[in-house]
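A short worksheet on the structure shown next.
Here the chain labels run A, B, C, D, E and F in written order, and each chain numbers its own residues starting at 1.
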Amino acid sequence: MKKFLVILILAVLGFHLFEAFSGLGLGVTRFEKGVKDYYLEKTVSELHVANTVTSIVVNFRGFDTLGEVTVLFLAVSAMGGILYKRRHQTGDRSVLFSSSSIVRSGSKLLFPAIILLGVYVFIHGHLSPGGGFQGGAIIATGFLLMLIAYENFSVSHNTLSYIESFAGIFFVGIGLLGFMNGGTFLQNFLPAGVLNNLFSGGVIGIIYVMVGFKVAAELTGLIYTILHEKD
Amino acid sequence: MSTLFEIIGGALLLIGSVFLFLGGLGIFRMPDVYNRLQAGTKATTLGGMSLILGVGFLMVETSWMWMAKAVIIVIFIAFSNPISSHALARAMYKGKRYPLITSKDENMDAYKEIVENEKKEEDS
Amino acid sequence: MVGSPVLLIAIPLLAAFVIPLIGMIWKELVRIIPGLVLAYMLILSATLLYYVSYNGTIVETIAGWQAPWGINLDFSPLTGFLATLMSALGFLVWLFSYRFKRNVDFEPAKKYFIFLMLLIAGAIGIVITGDIFNQFVFIEITGISAYALTAFYTGRNSAEASFKYLMMGAMASSFLLVAIAILYSQLGTLNMADIASKMHTMNPTYKIIALIFFITGIGIEAEIFPLNGWAPDAYTEAPGPVGAAFAGIVVKAGVYAIIRMIFTLFDVPGAYDFLIAIGLITLIVAETSALRQEKLKRMLAYSSIGQMGLVIVAFGIGTHEGVFAALFLMLNHAVIKPLLFFSGSSLVFNSKKKQIAEMNGLGKRMPLMAAFFSLGAFAIVGLPPFAGFWSKLSVLSAAANEGLLLIIVLILIVSVIEIVYYFRVVNRIFFQEYSKEQSVVPHRPRINAMVAMFVLAIAILIIGFYPDAVTGILHNAAKDLMNTDQYINNVLQLGQSLTR
Amino acid sequence: MTYIIYISFSFMIVGLFLAAIRFIKGPTAGDRTVALDTLTTILVAGLFLLAYLFGRIIYVDVALVYAVLGFIGVIVIARYLEGAL
Amino acid sequence: MDDKLFEILEYGVYGASILLILIGLYAVLTKRSLIKIVIGMSIIDGGIHLLLITIGYLKGGTAPIFSPGYEEAAAQMVDPVPQALVLTAIVIGFGVTAVALSLIIRLYRHHHTLEIDEIKRLKW
Amino acid sequence: MIYLILIFFLLILMLSAAVYAVVQKDLLYAVIATGVISLVLTAVFYMLQAPDVALTEAAIGVALTTIIFLITIRNTKRHEDDYNKKDNLKSPLK
């Protein structure tokens, strides 16, 4: 009975949503001189950043990114607080036993490559797809591989929180520097460089690298917390 | 007017996609997990590698970066697919799910014995 | 100018990142720094509010891009008033809970203050931002800190309340994203002023669908009727000062977001009637539920929901007097409800079940707390010399001007219900004998908590005896909310003057 | 050339389809994980071929990242099945 | 042929994303296992992200990246704004999911069940 | 044209994986199915010309989401219904 009611409600909801979206048409130019064209124009002419998504995420809507990084920070802290136990029942081990030697040596071999891939992704965030979040997540996944392959692979909690804090401070600090130099928060105060060079886009590359470090530290901390959670 | 690289690339593309298809077919048709593992990871490894190299050959005249990245992906696949299939097979084996043995071969009997012994050891 | 509105957000976030580092050096700083940051935010926002009320709205752009393209912060008399109110309350909550949970381990205590600070920063962000998606991000910041604060005690119920809140919050954010998707697909912009100026070109059907999704999304923070299932549990299970912060800060931010949508963004006909209807339902359901409660915090929670319903009704009247009355109600609620939460949680602090029945005769053992509680109770039901009276009076007169008799009758009936359940508690505190079986052990609040309550009590008395102290600000704010054209002009004009 | 790409895509689609059926049918967790692994590999190859179709090298990065991360996902599930987590 | 297929695609992609949202909502509303509810939540998130990306799609468009050779191609680039929004929304959704799951672990510590009906101690 | 067929196929695959994730009683399979959804979603984002989003979905959705779900299942229980409560204590392989 309840299920039928739910399905009925969902059908009504779905009909209205479909009504709202199907009239749009797919793949048509919808707005003449909308926000999109402005971004596409300015990102080349002023910011000299190849990846428009990066320039939007870091510069045009950089405030969102600051908030997003804060959300991750909060989520990790909240997990730590929620899973906190008064007596420390959690062991030192991330997994119960080590994996077979093939997986262990293989992951030892692949770990530097994965870290390198992550660093590549967030350093080239303004040139190719990717950036801070993706690179950070890739690095955290590399740490995940090591943590589940070895029973006694450990990450220093203090180092993680140093990296996290310093990256966050740098992010806000760069924003405040822009505030002092140009009058608005997160203003680009460095020379923009040449399009498609590694050193282009002024502060955008620097901020995305900071975001990368921060996200990597946060996600690694998150995985570390939840892997050590055992009953 | 196709060049040598295009011919090589096209051939590799075809070979790769056939092997990918065979991987899918094998995983669909094979009787138990280990056989499916064979088909699903070996065939697709070969298929994926040759398809990616094929694309690299097709684009090698445009930019060498394609070939470089293709080689990187191929190396990654060459390392990662065997590791993951090994980890899976080991997990299945440790979970006491032994291969289906239908053959009357002597080797199979020896294998069966080993399996039984290990089973006893683990149980004790 | 002492600073700019962006510092209201940037400084707390910076502090949140700094605190884990500093906590390694000296643990006491973990408690002190959030207080300093909140005090700074209070001073900054109060100064900016003073500046704004003479020189007009400040519109701050981020990263140097003009308003429709970059994110902008809008510090007008209305948003400035709310931001000041929130940071002041945040500072008081910090002051009340400064020595709170001293005996608990360091880790959770550290987190408590970070969450509290970010909760307030997020709520201020919801209010002062001028971009819908940015508002969504701030709603998430507020939400996650609220979930974490609700689950602060490690009991079994707190996790449940927090999970309930989280589920509804996650649904809300999904709905909000759908609404943002509809708006972006129709208008191609995310800036609120730009949306408001282009809204007349949108198809009315789509407009209504988007508005419904928006209200469902934000209504969870604002505790409007069918969506407030989380509120009583969260208020009951969270620590006392956190309940005060929810009632005083988070809900205000949610109500502001709804009001901004309806007054400025969407010109849907009939939206005001919808507000009145939903507000009345919320009011009646919540107040009748409050009558049945046995736990003190739960009763206060339902009362808080009811007050928000009243605020929404007052906004729904839609005239200048109505908006003024609603803002006045918000101010009074933000001053009185924390006092009730503070003194109430001090009264039942040491009891097991935190029930009203356990409060018999506490007035003689803890006279000051009892006095504060009854002051709050008198004020919130609207007895004449106290703060609540003037706001209720202005709601009634605004309704009378519009000839909405039904609203007046219902508000009067609900006031009677309110009087019944608050005076039941006051009666127990003062006129019942203390019995030996009661499990309450008197708990003397520390000096910082006393200071926080004193400040609130004095604020109630000042507003009660001299309401003109605040009406000027409120009139300014109401004028600001009603004037949509001016809002659009402010945001978009300033953007053009800053063209690079 | 176009025909070769069409044929390759058709083979891949059939392969994906068969792997998906195994995913839904597969009696044990192992079968499903193998199907996931196969899906990942076929899709990595498919993404690379699509990058060729789109003709831009920037798309290749996605396939690269996917080749790396998909395998870690499989190892995670395998370690869980081993009882090690 | 292509145009006709594209017309179907127009309904297909919107329809698929809306269906994904509805499937997730169904799971959230009717399922009694807490983990199932969180899974439903993540399905809803996926649907909404697909919806946003679809809004920004341009027929025959290319990714909004001005890499070498594409410096002048601004006219045929897809809308970058929804992509930026989805980037933010994915990370936020992950954070919320992580918090929800840790709450589930703590609930299980106290209640030893995942059934939503048995956990309902507090009144809704 | 093959592009459109591929996108249709992927959408159908995604929807069936979603339905499977919702109706499956075994939570482990449901979690693997969410991994499949994420996988296919990556490909669809990629085909809709959003490589940035595809990269994010791949980086977050494949390994990280899977591991937090798996550890939750490990710490709670694997089946949706209560009929075999002790199941979790045995080997996780069924």
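Definition applied: a residue touches a chain if its C-beta (ideal position, glycine included) is under 8 Å from a C-beta of that chain, and two chains touch if they have at least 3 such contacts.
This structure is a prediction, so every number in the text was calculated from the model and none was measured.
Colleague: Which chains contact both chain B and chain C?
Modeller: Intersection of chain B and chain C contact lists gives A.
Colleague: Chains touching chain E and chain F alike, please list them.
Modeller: Touching chain E as well as chain F, we find A, D.
Colleague: Count the C-beta contact pairs for A-B and for A-D, then tell me which is higher.
Modeller: A-D
Colleague: Which chain's mean C-alpha position is the greatest distance from chain B's?
Modeller: Of all the other chains, the one whose centre lies farthest from chain B is C.
Colleague: What is the distance, in whole Å, between the centres of chain D and chain E, each centre taken as the mean of its C-alpha atoms?
Modeller: Averaging C-alpha atoms per chain gives centres 21 Å apart.
Colleague: In angstrom, rounded to a whole number, how far apart do the mean CA points of chain B and chain E lie?
Modeller: Averaging C-alpha atoms per chain gives centres 32 Å apart.
Colleague: Based only on mean CA positions, could you tell me how far chain A sits from chain E in angstrom?
Modeller: Taking the mean C-alpha position of each chain, the two centres sit 17 Å apart.
Colleague: Just the number, please: Cα centre separation of chain B and chain D in whole Å.
Modeller: 12
Colleague: Where in chain D do residues touch two or more other chains at once?
Modeller: Residues 5, 9, 16-17, 28, 30, 33, 54, 57-59, 61-62, 64-65, 68-69, 72, 75-76, 79, 81-83, 85.
Colleague: Please set out, as single numbers or ranges, the residues of chain F touching at least two other chains.
Modeller: 5, 49, 51-52, 54-56, 59-60, 63-64, 67-68, 71, 75, 91-93
Colleague: Give the residues of chain A touching no fewer than two other chains, as numbers and ranges.
Modeller: 17, 21, 24, 35-36, 39, 51, 53, 61, 64, 68, 71, 74-75, 78, 82, 99, 103, 107, 110, 113, 121, 128-130, 133-134, 138, 141, 144, 148, 222, 226-227, 229, 231
Colleague: Under the definition above, what is the set of chain A residues touching chain B in their complex?
Modeller: Residues 99-100, 102-103, 106-107, 109-110, 113 of chain A touch chain B in their complex.
Colleague: Please give the residue numbers of chain B that touch chain A in the complex, ascending.
Modeller: Against chain A, the touching part of chain B is residues 76, 79-80, 82-83, 86-87, 90.
Colleague: Mind pulling up the chain E residues that touch chain F in the complex?
Modeller: Listed in rising order, the residues are 1-2, 5-6, 8-9, 12-13, 16, 19-20, 23-24, 26-27, 31-33, 35-36, 38-40, 42-43, 46, 49-50, 53-54, 56-58, 61-63, 65, 78, 83, 86-87, 90-91, 94, 97-98, 101, 104-105, 108, 113-115.
Colleague: Which residues of chain F touch chain E once you look at their complex with the stated criterion?
Modeller: Per the touch definition, chain F meets chain E at residues 1, 4-5, 7-8, 11, 14-15, 18-19, 21-22, 27, 30-31, 34, 37-38, 41, 44-45, 48-53, 56-57, 60-61, 64-65, 68-69, 71-73, 75-77, 80, 82.
Colleague: Under the touch definition given earlier, write down the residues of chain D that touch chain B in their complex.
Modeller: For chain D paired with chain B, touching residues are 1, 4-5, 7-9, 11-12, 14-19, 21-22, 28, 30-31, 33-35, 37-38, 41-42, 44-45, 48-49, 51-52, 57, 60-61, 63-64, 67-68, 71, 74-75, 78-79, 81-83.
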